[in-house]
Amino acid sequence: MWFQKEITLIPKARGFHLITREVLELLPELKRVEIGLLHLFIKHTSASLSVNENADPTVRSDFERFFNRLIPEDQPYYEHTLEGSDDLPAHFKSSILGNSLSLPISNGVLNLGAWQGVYLGEHRNHGGARTLVATIQGEYD
Amino acid sequence: MWFQKEITLIPKARGFHLITREVLELLPELKRVEIGLLHLFIKHTSASLSVNENADPTVRSDFERFFNRLIPEDQPYYEHTLEGSDDLPAHFKSSILGNSLSLPISNGVLNLGAWQGVYLGEHRNHGGARTLVATIQGEYD
Amino acid sequence: MWFQKEITLIPKARGFHLITREVLELLPELKRVEIGLLHLFIKHTSASLSVNENADPTVRSDFERFFNRLIPEDQPYYEHTLEGSDDLPAHFKSSILGNSLSLPISNGVLNLGAWQGVYLGEHRNHGGARTLVATIQGEYD
């Protein structure tokens, strides 16, 4: 009924990336779950997980531009500046967008809407490989 | 121990709406759970689920006004514009506010604070009927 | 497999506070879980729970300054004003940052990244003692 493992994503450029397929390929165990939940938790404070539109790539590039304006770098009142201009805004973005997801599983597949996909928000300029804890629970067939 | 079904909400106008009662009426199965969690997942990328104040309706209208200012329509740098002025901001609002909730169940009822209710954020001008996946898990009596 | 209790935190000043240790000391039951999830739900609409950087205290003070600018008090269009200047912005902050967390448990400890901690965002000037519903589920040893 419970399954848990850590998975590591291929490093991504700064921006928003659809990772639904990459995550599912690392979690073949999910196919056995009839009713359940997949919990994804990213073990970093400068990246985010969210669910949004999976078709038009300009949605993801508009996300990057919008959040860079909403949460600007190099504000004069910032004190946590030693790790670079992109670091503190990345922390804010991570808490605003969230660093975990719970997704329903139905009959061995994620029960997302037709236009939904999982976004990794990579908020550092050079974030490297990101590690997630994936926890699957539910009723198995 | 596991129960899952899709529920469809009555269409709502753009804005924030208290849906606690509507959701609970669609989920009578929840009353049998002694200790557990209700997971709600909205299968759309232009609406949101959150928990906030359940008493004064001006909180909900202030939410609508505030988020419309924080996330404006028709910015010159937006590229995803073919689906209307309200579409891209609706995607941003959905990811900022979130598209799922996990709520504690205690003795057959949602264990919310006295002033808490579930908000549907309808971020499109004409969003239509929204579908949620409701997953209940826990210990039954 | 299921454990649930309400815990009450020591009152905090307005701002962001690391509460990982305080929460874990109130939940010794977590040590028995091999694989599982801790769900924390704050029963208030003017405080938030999130996960962020656990080392440099200026990250937390920069959070407070940033979110006060993003979500200002006393805007002329606010209508829900009877509970004080800090009240309505606290509601917005709670929904933007979130009022619950699901955290993975592995071998009796929270499986967070090395630099991650749990933040309580206290968004009222005098918020008092905050109550959380803690729900632990998983496989016990």
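Going in written order, the chains are labelled A, B and C, and every chain counts its residues from 1.
Assume contacts are C-beta pairs under 8 Å (C-beta built on N, C-alpha and C of every residue); 3 or more make two chains touch, one makes a residue touch a chain.
Because the structure is a prediction, the values reported are computed rather than measured.
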Query = By how many degrees does chain A turn when fitted onto chain C using C-alpha atoms, rounded in steps of 5?
reply = 120
Request  = Over half of interface residue numbers shared between chain A and chain B means same, under half means different, so which is it?
outcome  = different
Request  = Find the geometric centre of each of chain A and chain B from their Cα atoms only, then give the gap between the two centres in Å, rounded to an integer.
outcome  = 20
Task = Among the residues of chain A, pick out those that touch two or more other chains and give their numbers.
result = 70, 96, 98, 102, 137
Task = Spell out the residues on chain C that touch chain A in their complex, using ranges where they run on.
result = 35-37, 50-53, 56, 58-59, 61-63, 65-66, 70, 96-98, 101-104, 106, 111-113, 115-116, 119, 137-139
Touching residues (chain side chain B, partner chain A) in the complex = 1-4, 39, 41-45, 70-71, 75, 77-80, 88, 91-92, 94-96, 98-100, 102, 131, 133, 135, 137
